[in-house]
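There are structures below to look over.
Okay, so chain A shows up in both of these, paired with chain B first and chain C after.
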Partner chain A sequence: MKEEKRDNKASRKKRQYEDTKLQTAIDKNLELFKQVLHYPLNQDFIIKDLTIEDFERKCSLLYMKGTIDSSKLENNLVPSLKKINQIEMTEAISCWAVVVKQLDFMTVETVETLYKAVDKILFGYAAILIDGCDIAVTVNISKFEHRSIEKPSIENAIKGPMESFVEDVGTNISLIRKIVRNEQLISESIIKGQRTSDAIVLMYIKDIADEEILECVKKRIYDISTDNIQNLEIVEQYIEDRPYSLVPTVLYTERPDRVAAFLQEGHIALLNNSSGGLIVPITFWSLFHTAEDYYQRWPYSNFVRLIRLIAFFLAMLTPSLYIAVTNYHVEMIPTDLLLAIGASREIVPFPAIVEVISMELAFEILREAGIRVPTPIGPTIGIVGALILGQAAVEANIVSPILVIVIAITGLSSFAISEISTNFMIRIGRFVYLAFASFMGLYGIGLCFVVGVAYLVSIESFGVPFFSPYAPHYKSAGDTFYRPQLWTMIFRPFNIQQKNKVRNQQ
Partner chain B sequence: MKVKITMILIMNICFGLLSGCWDKLELEEQAYVVTVGIDIAEGDNIVVTCQIANPQGGSTAGSGGNQNEPAAEIVSFTMRDFLSIRDLAASSVTRRITFTHTKTLVVGEDFARSDKFYNILESIVRDRQVRRDTYLIISKESAEDFIRNNQSALETRPHKFYEFMSKRWQESGLVPVSIIRRFIHDTESGEALHLAIYGTNEKTGIAGEKDEDNYIAGEVDKEGGNIVQLIGSAVFKDGKMINVIDGEDTRIALLLREQIDIDTYFVTYKDPKDEEYVITIRLTKHKKTKVDINTDNEIPTINVVVPLEASVVSIPSNVDYVTDEGNKNFLADYIGEELKKKTEKFLDRSKEEFKMGAFDWYLIARKQFNTLEEYKLYNWREKYPEAEITVEYDVSIKDFGRLFQPHTNREGSANQ
Partner chain C sequence: MLKKQKTKVGAREFFALYAMTMALQFSDQTPATIFKDAKNAGWMVPIIAGILTLVSFSFVLLVLSKYKDKNMIEIIYSTFGKYIGFILCFILFIVAFAAIVLNSRSYVDITRTMFLPKTPTNVIYFMLIAAAYMIGRGGLRGISSTAWLFFVPMCIVIIIMSVLSFKDINMYYIYPIWGPGVKEILKVSVRHTGVFGELILFTIFFSEVRSYKCYKAASLTGTAFAIVVLAVFSFIYITVFDYVSLENMAFPFQELTMIVNIEQFFTNLGSLFFWIWIMLSVIRCTVLLYLATSIFCYMLNIKEIKPLLPALSAIIFILGNMPNSSLAQNITSKADVFYQLTYYILLLLPFILWILSKIRKVAGNES
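For the complex of A and B:
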């Protein structure tokens, strides 16, 4: 109900000038444009009167400053317009056809409605209005400023490509096409709302990607109720399967090589003017793996995966295990360790759970502060934080030294999980485990774990079960916890697609 | 929707509140008893001694902690039952008494020889805090004396003494590694003796000529260090202590068991070729003992073959037992014979004096029967003292080469 309402409201707003056709008289047209684009007020909107020799009719060039490449305007567009000769002009059926012909080395489109023309102008086109024509000729001279390609800042790798996406869809597509040179690679543009500027580019390999999933993705994008999508990070939240869940069902990556690898397995990538791409559908393994797993040699990458798996559990369970063992199961601790913990705990005023929660909180604050802190004072925060968390707290007898180890190991392990959503999932999940551990000890942790696994297995991302191909079982390359040798990975995952099961072989 | 969410929330809260095990207790609020001693007292009473580890004693951690505190507090209570110590101790011990880290149970010999012992032990095992793998030590004097006098200079913390000692026991086999679970097992079966660790803190002096292992606790001639001695074993029959055997017999009993209960140990023998000297041998039981039991006849026959690997460690007589094949075999046979003699002596004692074995043979005998009924009918307990037992030692000499040769030979070979 609510969504429908919003839809109507949004569309009503557009209709104000959506159906307005361009007029024949240039003055009237200019008046319309000035009205829509708030001419004198908006100083970026430029209207240039063009004088072409031997041509008597009035001509105007309309564009938006900041969206166009001025060198293209000055060096290509204007000179070629000036070269139009009158003979052609008079002989031609209509003037705009001559202009189109003259500019055929550039991207030229003709538009008939005011709305589309305005849209083109906003997108970096220059519109040419000719007196007596009810059609505007638009020429693409767009240029938006964006970063140059930089190294990935989240998904770092020691070995492998060092490129990451930038806030320009053209560049991003080019980065992928550079890797996947395949005639079947489709990039389909989905225009959200009426504005081409909100386009989301869908990339997939046609003979691999599953049509059902593709339809599902398209439908979800069309269903987005808002008409202004800033970037992919927001799209992610509109199309995911479980918006209230801790578990992510869409993968956000800033690595083109990773997107390319997913495309070849039958996944679908979403691109936009964003510094990342989205991958759907995903499984738990997509979150668990990193790009580098495939670039490192077999023994190394499996070692790293094992370490990551351990870090995964350490980050999630260490504080709760500590609480469970010290509060409920003291018989599990070796006597020496027990006495050592006991000796240091004796002078601490708080129960262990308060200690853990306060230290966890301090660590999370430090982490958040570390992200938001202005770069020049960043290192200071690190030093101060480490001092407060570690030495000082222990010396003031607020926490016991063993707890600093527990928190440090937990924090360190959580950094080993590079995928941001998974990282959050584990960091928040840790507190759930902590609550259960403090109520019920190891029994509580076991209970929570069983429920957690059951929940994860129940999740689906665009119809693909979260833990497939492991559970439910599908035929696949077996690339889950363990990474097989590359040449043995001949199967594409059957849980993602059923069309093209075997990888290209020679 | 809202109602649903509220319901789920309420259910979750109830779930947490109702199912939580509310025996949560901070670790520093508990007093960890590392050693328990039980003695007989007048009337129906027993004396329970608890050695409580002090976390801050002997620790280097603990900023602000007092490192000069003693490592343990020893308290003794006289009462009728063991487990009520938890409440009685509250009269003087600040923390809640916990037995989860009790690694050793010391029982005074007087109490072990009394009828009450098994009842009390059973009640201890019923408590879920007590570990089933707690070591059982029988002290010649009262357990209280034993615990109070056991002062090891090397180990400040009291549990460390038993933790490290248990590893030595496994190596040397001079005492059996006796744990409560096994004690209950042996006793409940009604067909096996239980050998418990025997110890004392009183030096009694040496009685007669001794080799390296035929001591019982108190007889070891040593000066300095901890006055506690643990060697030999207390023999329990039907949950009651009946006798003491020395270290040598303990080793034999362990060798006769099927499993490997003894790692490697050193023995000295009179040099068979030169009676003036002794030779030192290191023996290793590297495989399981082979025990064949035939229960077809009225009198069971038991054939035991103990595999042993021997390496000659010292040869003061300079007889070449290492490279000379003849001497080697001779020595192997000699060791086998020597061991056999001692074993037979011990087996006679077990048959005639104890009338029970301590070698887990009843478990092997039981396998010969199709049903438990048949086995019970056969009555192994009655049959064992009459059984025909033959023991063979299959000794092989290992380790040879220049380093193990007597040095006179070595020079000779060097000259060649």
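For the complex of A and C:
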């Protein structure tokens, strides 16, 4: 309650200053800045009085510590301000014009309102106030600390670029522009909330991206109700098509090369000060493919895709198939194997479904713990997990040895799907299949599978059908389950855009 | 441009719809009803019946090419007028509705007798209809895309089954080649044109297909595919089982999956094929459900089809659960009535439609 009140007050205050113009008297201006930026309570806000030789008027430099590059301040800004001499000053129409002229080698902007000046200061600009001028000169000397560019941690690749996005939008854009050198590549920033710091950068190639989809994306970003967006991971949840569904409709990637590839096909990328970018619209194939599919030679990458497809099904269906076959369709198992399973299950007191659910649960806990555990204790998780899940549970007759294999195959297969959202979709979907399998055997799994596929078909990401261009069929390079040779992939997928259908070929 | 294409169904998806509904009959009780009449020449019946239906379908194509944006029901209404049109549409609806009730019941019977003997029939039936309803909610576009996704698995099953049954084939079973006699085969073929009834019934989706060209290509290739599959499997059934035992066999496909094997190790592939078969059959059920609902809606000029799906699903569930619905129990009486009703309409309706539209055109030109 209290918090809310304070928030309301703050926002009212902000609005109060929105139209306040800067005054001519420097003291009054300084007073205003001090009030808004809570000087001297806020010790990061610095007001520096400048003494410039031959310069009779009072002059002040305002900036926020932590947002600026102090070497730029000391080596470039202050020395050049000191060089201003009186003759120039008196000849000019107004003093600020001289300052602007003197600093023309840097990014200089003039502002007239207090609100904008404060905004600039928060963004890493230094504001120069001169007595007698109702205009502030702002100079960009911003520098925010962030990680250096590192290897991608989720989307690993053996072959191919090893750069990933960092928490700085400028760096991220530069990483993409390095790959896509195209005059049509637009980066458009959409300002959410009242501060420019909340900007989301939309990147697309103008003569490829579909306008309808672009409008749809923009509208959804403008419709976000909150005015403070921390990062893209949160934006993703605001703009996706089906927030309650297991199925993701936005792709989160940390690889600039992947974003570049998607841009070339007509997708739209969203960037921000986040360690990843968002791709919209997406299809099932965007989730299924990896960046490396295109870097490896044709036979290798198709082999890997086949393996991934098998892993996809194994991760989703293995436990439920085990339950269905052992409970309902025993005749499917070869007799010798059946006897072996029967013998190993004889000493286990629980029904198979209880075994499977308890082991699945243990494995999921192990996975979650593996992510959250502090690095120094990390290796213990492996030992404890292997002991509990494998040896000890079997020796204590709680689970049968064959089940350990089932769970291991399931877990291993799920690691082969690198996309995080898809991974979750499969991991949770597995339990749905398990329920149907224990209820109706293969009949239940079959029905559930078809309904699941029909549901996926019905999903649209920003108006693009989820299984297109395969079903419904659109003309495309045919890059779905199978990866064609690169030189045959001349068509851009028609389900995403139809403006620029053929890739530029020499 | 994207939007316009989005609402219509493309040629490939529509082809899959045809393939899924017509060709999949090889795996239910249709071959059993054919062999009863045609004996060991049963493999010719799909070919002759298919060609007969194609001939009558060509008249439908002639009529359709004149009406670009209208579906079959609208064409019937505008050709026959309000009252006769309604009666005809109602008969079409009865045909489609009977097809879904009988077929869904037949799938439930197969599932229960062959694979889940301890599960109550109504539970199996409920699951089937519920699944069909949920797939049907995606609309024609969703159903056809799903069918297209499952088309390749269907082909794989067909090919694997044919290859695996190779070693059990005994070629002598098909002799004498003309079976009960040429005349009898022709008669039986005419009576079984209902097998390809979807060819005529699907014309009510005409306005939802991208173009006339798409429609024509999809329907013709779809039928050709179905004829080949049905003929090949009828041939396999005869040569593997012989027609004498086939006459007493309600589910030849399931029996076939039971006897094929891969070497010594995988001797019971029945359940595996059942798993894939039920996935395909659910799609077929959905198509028939959606077809019946669409005819019903167009007949009464209702714009929205989806809200009526649950109601029709519930009626089908109740009707199909009645003891007499089982096709296996009274394969003679019921199926014969059903097929007789259909083949008159399917063979004659297109021809009459074509003539009437010609007369109308002439009359229109004179006035």
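As a working rule, the second predicted complex is superposed on the first by the 492 of 506 C-alpha atoms of A that agree within 3 Å, B and C clash if a C-alpha of one lies under 4 Å from a C-alpha of the other, contacts with A are read in each partner's own complex, and residues count from 1 in each chain.
In this text, a contact is a pair of C-beta atoms (placed from the backbone, for glycine too) under 8 Å apart; a residue touches a chain by one contact, two chains touch by 3 or more.
If you're wondering where the values come from, they're calculated on a predicted model, not measured in any experiment.
Participant: Once both complexes are superposed via chain A, do chain B and chain C end up clashing or fitting?
Facilitator: clash
Participant: In the superposed arrangement, does A:467 touch chain B (first), chain C (second), both or neither?
Facilitator: So A:467 only meets chain C here.
Participant: Mind working out whether A:210 is in touch with chain B, chain C, both or neither, as first, second, both or neither?
Facilitator: second
Participant: Of the partners chain B and chain C, which touch A:328 in the superposed model: first, second, both, neither?
Facilitator: The answer is both, since A:328 touches chain B and chain C.
Participant: In the overlay, answer first, second, both or neither for which of chain B and chain C A:371 touches.
Facilitator: In the superposed model, A:371 contacts neither chain B nor chain C.
Participant: Just to be sure I read the superposition right, which of the two partners does A:401 touch: chain B = first, chain C = second, or both, or neither?
Facilitator: It touches chain B, and chain C stays clear.
Participant: Given the touch rule stated above, what does A:347 touch, chain B (first), chain C (second), both, or neither?
Facilitator: In the superposition, A:347 contacts chain B only.
Participant: May I ask you to decide whether A:383 touches chain B, chain C, both, or neither, giving the answer as first, second, both or neither?
Facilitator: In the superposed model, A:383 contacts neither chain B nor chain C.
Participant: Quick one: classify A:440 as touching chain B (first), chain C (second), both or neither.
Facilitator: both
Participant: So the two structures are superposed on chain A. Out of 169-177, 187-195, 205-213 or 349-357, which stretch of chain C collides with chain B?
Facilitator: So the stretch of chain C colliding with chain B after superposition is 169-177.
Participant: By the touch definition above, which chain A residues appear in both interfaces, chain B in one complex and chain C in the other?
Facilitator: Shared contact residues on chain A: 328, 331, 440-441, 443-444.
Participant: Which positions of chain A touch chain C when the two form their complex?
Facilitator: Within the complex, chain A contacts chain C at residues 210, 212, 325, 328-329, 331-332, 334, 440-447, 449-451, 453-455, 457-458, 463, 465, 467, 470-474, 495, 497-498.
Participant: Any idea which chain A residues touch chain B in the complex?
Facilitator: 326-328, 330-331, 335-336, 338-347, 351-352, 394-395, 397, 401, 435-436, 438-441, 443-444
Participant: Spell out the residues on chain B that touch chain A in their complex, using ranges where they run on.
Facilitator: Counting only chain B, the residues touching chain A are 16, 19-21, 23-28, 30, 32, 34, 53, 55-56, 59, 61-65, 98, 100-101, 103, 129, 131, 157, 159-160, 163.
Participant: Within their complex, state which residues of chain C touch chain A.
Facilitator: Per the touch definition, chain C meets chain A at residues 1-3, 5-6, 9-10, 12-13, 111, 115-116, 119, 123-124, 127-128, 131, 134-135, 137-138, 141-146, 148-150, 265-272, 274-276, 278-279, 282-283, 286.
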